[in-house]
Amino acid sequence: MAGSNEKVISGKEVAQHNSRESCWIIVHGKVYDVTDFLDDHPGGSKIILKYAGKDATAEYDPIHPPDAITTHLPPEKHLGRVDPETVLKVEVQVSDQEKARQERLANRPPLTEILNLHDFEAIARSVMPEKAWAYYSSAADDEITNRENHAAYHRIWWRPRILRDVTNVDFSTKILGHHTKMPLYITATALGKLGHPNGELNLTWAAAKHGVIQMIPTLASCSFDEIVDNAKPGQVQFLQLYVNKDRSITQKFVQHAEKRGIKALFITVDAPQLGRREKDMRQKFDAEDPAEVTENKQQDKVDRSQGAARAISSFIDPGLDWKDIPWFQSITKMPLILKGVQCWEDALQAYDMGLAGVVLSNHGGRQLDFSRSAIEVLVEVVRELKKQRGLTFPNEKFQVFVDGGVRRANDVLKAIALGATAVGVGRPFLYAFSSYGFEGVDHALNILHDEFEMNMRLLGARNLKEVVPEMVDASSLHSHIVAVPGDRLYDSNYESMQHARLREVKSKM
Amino acid sequence: MAGSNEKVISGKEVAQHNSRESCWIIVHGKVYDVTDFLDDHPGGSKIILKYAGKDATAEYDPIHPPDAITTHLPPEKHLGRVDPETVLKVEVQVSDQEKARQERLANRPPLTEILNLHDFEAIARSVMPEKAWAYYSSAADDEITNRENHAAYHRIWWRPRILRDVTNVDFSTKILGHHTKMPLYITATALGKLGHPNGELNLTWAAAKHGVIQMIPTLASCSFDEIVDNAKPGQVQFLQLYVNKDRSITQKFVQHAEKRGIKALFITVDAPQLGRREKDMRQKFDAEDPAEVTENKQQDKVDRSQGAARAISSFIDPGLDWKDIPWFQSITKMPLILKGVQCWEDALQAYDMGLAGVVLSNHGGRQLDFSRSAIEVLVEVVRELKKQRGLTFPNEKFQVFVDGGVRRANDVLKAIALGATAVGVGRPFLYAFSSYGFEGVDHALNILHDEFEMNMRLLGARNLKEVVPEMVDASSLHSHIVAVPGDRLYDSNYESMQHARLREVKSKM
Amino acid sequence: MAGSNEKVISGKEVAQHNSRESCWIIVHGKVYDVTDFLDDHPGGSKIILKYAGKDATAEYDPIHPPDAITTHLPPEKHLGRVDPETVLKVEVQVSDQEKARQERLANRPPLTEILNLHDFEAIARSVMPEKAWAYYSSAADDEITNRENHAAYHRIWWRPRILRDVTNVDFSTKILGHHTKMPLYITATALGKLGHPNGELNLTWAAAKHGVIQMIPTLASCSFDEIVDNAKPGQVQFLQLYVNKDRSITQKFVQHAEKRGIKALFITVDAPQLGRREKDMRQKFDAEDPAEVTENKQQDKVDRSQGAARAISSFIDPGLDWKDIPWFQSITKMPLILKGVQCWEDALQAYDMGLAGVVLSNHGGRQLDFSRSAIEVLVEVVRELKKQRGLTFPNEKFQVFVDGGVRRANDVLKAIALGATAVGVGRPFLYAFSSYGFEGVDHALNILHDEFEMNMRLLGARNLKEVVPEMVDASSLHSHIVAVPGDRLYDSNYESMQHARLREVKSKM
Amino acid sequence: MAGSNEKVISGKEVAQHNSRESCWIIVHGKVYDVTDFLDDHPGGSKIILKYAGKDATAEYDPIHPPDAITTHLPPEKHLGRVDPETVLKVEVQVSDQEKARQERLANRPPLTEILNLHDFEAIARSVMPEKAWAYYSSAADDEITNRENHAAYHRIWWRPRILRDVTNVDFSTKILGHHTKMPLYITATALGKLGHPNGELNLTWAAAKHGVIQMIPTLASCSFDEIVDNAKPGQVQFLQLYVNKDRSITQKFVQHAEKRGIKALFITVDAPQLGRREKDMRQKFDAEDPAEVTENKQQDKVDRSQGAARAISSFIDPGLDWKDIPWFQSITKMPLILKGVQCWEDALQAYDMGLAGVVLSNHGGRQLDFSRSAIEVLVEVVRELKKQRGLTFPNEKFQVFVDGGVRRANDVLKAIALGATAVGVGRPFLYAFSSYGFEGVDHALNILHDEFEMNMRLLGARNLKEVVPEMVDASSLHSHIVAVPGDRLYDSNYESMQHARLREVKSKM
């Protein structure tokens, strides 16, 4: 994209354009005039002005797709290359808060003490920058669906079988024809560099090592090509697609992906508009100077109160429709899967339109609150597609995936028993690399591997075909219970039962 | 109401009548002799005696309907006008508690940080006078129904649709033939000046700005005419009616309202007697001198222990009956709606008697505790009126509304999907103006607007007609679950799972 | 019982018998030689030895039936009268704990601040001696049933009716032919003097004043005749009966009661053995000297670890059987009611044997843990007795009562709606007199009266006949839900949503 | 096993082999060269090196089966006997933590204050070494099943009967033809010496005293023969069997057991691999030097991160299969029972293959998480075996047992009512001897005896045949409810109801 005979500008010259009146910044060695763009910046002008006349690359990188600046600024604002020798280093002031975080980072326990995927989350929460944690962990509105995704698995119980020779158990399978060592894939999640400088590459490398498939996100921090370049020969990758209002951009992207060897296209259909993620939004206020917020609130052209999520997603087309499907089928031969289906009616329509499958998903609880969990939707999809089209699941021709809320192989196997081909796992891997980089993801996959082996044995299943619906009791899955509000007066009067106590303790009370 | 050639009395003279034996007070510039009324005052004599010989307007205003004093005192006790120059200012001693409150008020976050309707409540709770908070927030008995109203919405889950072009979504509708930009109205709540000096006018102004309808309460702090006068030309207002034991007063009020352009009359039918709101009652004791309470308890003629709620409602007729309905139909042409219906049998009778609709409501949980939520009643009303009269909902001829417990557009849309025409929202707007005045209500409506837009898109609904019953799973709505009481001995023995911890933290423990 | 020409013994002489070897005590002015009884005392020897040679009346009174000592000691151990002038006062050392209690007692809020029956319990818990609180409040095993009794009412919801003229509401009814101003009675509870020196008489007096019926307990602290003597002319009283292994004692008691004008006999059938009330038992250890407990544990003949409950109940006959019923019918004309029925089968048998009714009860949760609540059993009793014998309820010929867990008139009316004739209320009245004596019970009944009036109006019921099954939704009553154990790892990682905060508060965090 | 003419080695010589290069240890007076074994030790090399050149018996004993070392080390590494006079005592440094524990141990309350089985657990948790507590109390994964085992009993409620002469109640029964005084047996649990030096013998002695049956575990700390030798004449014992990969070892063990008089063989079928018990695993890290963990993590050949559980179980055969059953039938005449059946299908197959019964069990929640409770599985087994084979339960020919989660006789009787022959109780007895040795188990059985007596009376059952299905309401048993995630914003705004408070308290707030 960059021309070859660019102008070379000195750091000194750039440094003079350090005001709202004339604001130049350096990103990846290029100089841009962003003066006119200040008020349109989804993230607010303040954060840009902080780097006016300086190198903004470090701040820019984790939260922008690599080509964001070149796409959004007209060519005449691309001023040229900077002479790197002449650029003054931005002196980063390390806040007390950041120092405390660095100390926590240094005190991470060794990986051998990480026993399950929850542990990564506990460590990540301690060692990630607050803004990154808020972006990864937040979900829509009251985060009911976000937590329901996990809770739903706890309403499904096992009916394991005994006395089957489980010396050898095999939990490998095929996803859209491609081999995977476990019945899961690493699903697409945005902005990997928020958690770790290597971003999505941590996932690429670990996927290769463990023989599982990575789904590359449209909103990756690393560029698409970088992620593909880091794959090993023969390593299978899928692509998650946000469809652009400008379909030509989408077409170019999809066809480029196909050329680069991507094996399947997962079109996100649950995000015509990104959900309100209030933790993410609130984090933003906490990080800003309250004085300026008050003072500027009337004159801001752009609503800056929407957190990282909305800042990066304005290009997504809310007009995407079933009638666009044939067009997708015309521009690529990759199998097409709809990601974000939430009822059997839409799954049926996807099948009828000749798609390769659906991902039952509510976007990790980040879109419509009170959407049901994927695992609950799976039951109705399997039932109705059998009833109406005679399909049985898992089904090679029309594959059903679920994602959201998974923390253990135990959860994954419940989805397999109920008919899913495989399960997408997202946040746990983000937390794994945010706390330990590539080694974290590697260890996470090791844990899952051990859990699969153990659970298969304890279930009495020698391969995934033996993980059948009869093995689960999902009869409470559809109960959405909220207890009658507590009787505070009665409860505060009730004196709790006490067990026997040591003598000394008693004498002290 | 005041004659023109009133006597003018000096403040000095008034000041001499400052005892239980002779007690005059000034309200709105008029002098009243309340000596004989002291023992009949629903709020107790003490609070009046505090202002004996002085100007009581500031204390009087927020908790009395404007004409309370003229209605209750016989004409001969209306002594005349006071000469304002001569009135001694009541020196208001600002308590430490009040100073702390003022400080909290000064520290409210800017409105941009208010992300949802819950936020207003959190701020209002901090910055409102305790008495006002107690009156607004309290509900009947154990406040089970009050909280159930909200909880019930959490038992309803979405089945959203995908791949519909939702570039443009329209969530406007008509209520009783009148246009509204959102499927909600500002429902009637009493004593607006407790929360803000402009009281109900905050709502009038915001309703105008956002194109929604305000229902004026009988027990407003502002006078009915003041509220109507503040409406913009063409602005639609409804009226909520408490029926007086003296029907001529009611008739005059209703016919005056119709003349002033009120478009519908909502007759409250769930309050033959006001409920016990114990928080409100308890607040009263906290505010009084315990010594006097003890000493006087035997001789008080009036039960002063009933809080603000009962103090203002003694005129309401417990004898109101179905057979009064034709009389209402005879005195006004406004459409009549019953507010407070709680089972299908009564909704059916309302339909059969030719009324325009019903509000399914339990009065915000302030009347009969263990009444079911409106949203739960809605399901049976829709089912039975279809079964018995062939009606479908939403229905233009017989409109069904719900109120209570709503905090997000997500909640409102569930009611729409289940057949409601629109939803009444009350307390959230009170909290909005109690914390930020008109700007608060304005911002609250902005938030709701954004939520409607987002939720419609995420549901795959382009207008309210597309928000259909198939979009919700309400199968758990009727579950009124109370968990089996906890096993305290077992639970206190159980040692909770721990996740991985940072090294340093561990060494400290 | 005492002969007229008793020997008179000087206090000085008594005082010499102050050891385990020779132990005399004074009770109600009589001298007893209890040396041989020390090891058989259900409450342990220690407590008696504390009063060896002294007047034990104050300690004896509240926890023994009045005739316990004369019944248990052979006549030759009844030594005679003491000369009161010569008795040394036992110097009561007031412990710090007791002083603190007395201070709390002095700080009780005035009765006007007691808004509901829960309030009495809160105050009683603060001001009662610990031993008394433990006896009154304790229940069987894990106290699951005890709390379920109350919780069950929270699974029943109202379907109130509107637009009925409820200016006048009447909630009086008849119990076994006798008028009561409210549909409840004061049920039998033991050892009233533990809570207040006037014991059960507080209830007698209040029952008279409010026109309700008192059921006299077999295990009253006051003597039966004293309670009857304190009734007003025409005041109706019932009797609760524990059946003695020695039927002649029972016969004498029952026939004496009938002669004294008792109107109905409630035979307790749920207590062949008293339940384990571990709080009561544990309280006992706390009060003892741990050294002695250890040292003596092997040699004790009597198991002293059973609390007040078992100490007083060893006479109750575990052999009571259906075949005893005709005998009861032969010795009295009073209507016979079985108290403690817990399934429809036994209610049916009671009906078939010609009894006047049953009390569905689990003894306040003090007997078999995991017994269902009376209100739940009521539903099956009404259903099956209709199905099998064509009975409808409430039924004059065969009356069904419930007790346990009631705290508000709201609860009582649910039982009425489901078919009960009336409801027994026990502990709340104990707490009322334990905290405020007679005035407490009086105020409790006033509160209930006001609650009945308000609830009847809000239900749209003008009399109890209009409180019908259609008014309640009891469909969740039979759900005995225990939530799946919590996912501690997931929950501890979840970062709770936060609402908007004041600026200052935020800066501090 | 030891030869007679062993070499005698001096303690001094042993002491020289105290390094990783040459590591000898003394166990039970024998000297072993474990140098080559260091890296294969399931518990890690570090713990062995701590005792290099020293006597390791005290550390070795509680967590190894008695013959572990002789079995695992080749004969040439068995170096001979040590001369006991010459062995230097290992100086045990008592840590502060251990001192604190010893102090707590000294302050145990007297046994008379232990009122129920929960109390033992509370004391054991305080006085056991942390490692032992972790091993006994831990369970699989999130410990959901572990707690569900107990919770399931709380979803079953009683329908007791009245007016049956319960003067005498008899709760004895027969298990596989052998008399027991209560309908329970002491089930097999591993590593008894972790809790008490006498280990499983505490159970043997108490079982004899109370006329109940003990099931001897394969993984006992005491040797099998020692446990059998400690039985009284005629005392019945069963054997729990983990099947070895080397069937000849199993055959020898089983036939030896039969010869020694064992009356039944319970083959564990739910543990082809031991579950992940993370508390146990985490405890291990806490006890190690973090520095070494980090440093060595790459080079360790053996995964030491698996806790005590896996360390002792590597011999168990994951290949055990239904087709092995005839072989078991061929090597012993003892009745064969499968322990760990979890669905009716497997129970049916066990019946069809002529086995004597099954234990419905999920291994105390220590294997597959989200396995259902035994009591829940019991209902389906009874139903289906009746439907498919016409069996009724309890059934002498095919006996069904349950274990897991039992804490009271009340629980046991629910299982009896639903068709179980008897119930296995495990952990409560471990906690009993861990806190009080033999006397603890003795007291635990006394408590259960009293509870059985009381519960039988309160149920109206004179013997176990009268404890019938009609006595329980198990209709909520299959509900696996997880509440909808909490609405944190709403809840944090809700101001809880307050009851009346003492004046003084109020003034302080």
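Letters A, B, C and D mark the chains in the order given here, with residues in each chain numbered from 1 onward.
Convention: a contact is a pair of C-beta atoms (placed from the backbone, for glycine too) under 8 Å apart; a residue touches a chain by one contact, two chains touch by 3 or more.
In UniProt terms, the chains line up like this: A, B, C, D = L-lactate dehydrogenase (cytochrome).
What you see is a predicted model; the values in this text were computed from it and never measured.
Repeated interface, listed pairs C-D, A-C or B-D, reference B-C: C-D, with more than half of the contact pairs matching by residue number. A rotation of 90 degrees, rounded to a multiple of 5, brings the CA atoms of subunit A into register with those of subunit D.
Among the other chains, the CA centroid farthest from that of subunit C is the one of A. Here the spacing of subunit A and subunit B, counted between their Cα centres, is 42 Å.
Centre-to-centre separation between subunit A and subunit C, using Cα means, comes to 60 Å. Those residues of subunit A in touch with two or more other chains are numbered 109, 113, 115-116, 118, 121-122, 142-144, 147, 151, 154-155, 278, 282, 290, 479-484, 487-490, 492-493, 497-500, 503, 506.
The part of subunit D that touches subunit C in the complex is made up of residues 109-113, 115-116, 142-144, 146-148, 151-152, 154-167, 408, 410, 414, 450-451, 453-455, 457-459, 473, 475-476, 479-483, 488-489, 492-493, 499-506. Contact residues of subunit B toward subunit D in the complex are 116, 118, 121-122, 125, 137, 142-143, 147, 150-151, 154-155, 278-279, 282, 286, 290, 407, 481, 484, 487, 489-490, 492-495, 497-498, 500, 503, 506.
By the touch rule above, subunit A contacts subunit B in their complex via residues 103-104, 107-109, 113-115, 118-119, 121-123, 126, 141-142, 144, 269-270, 272-273, 275-276, 278, 281-282, 285, 290, 293-294, 297, 305, 317-322, 324-325, 338, 340-343, 345-346, 367-372, 478-485, 487-490, 496-499.
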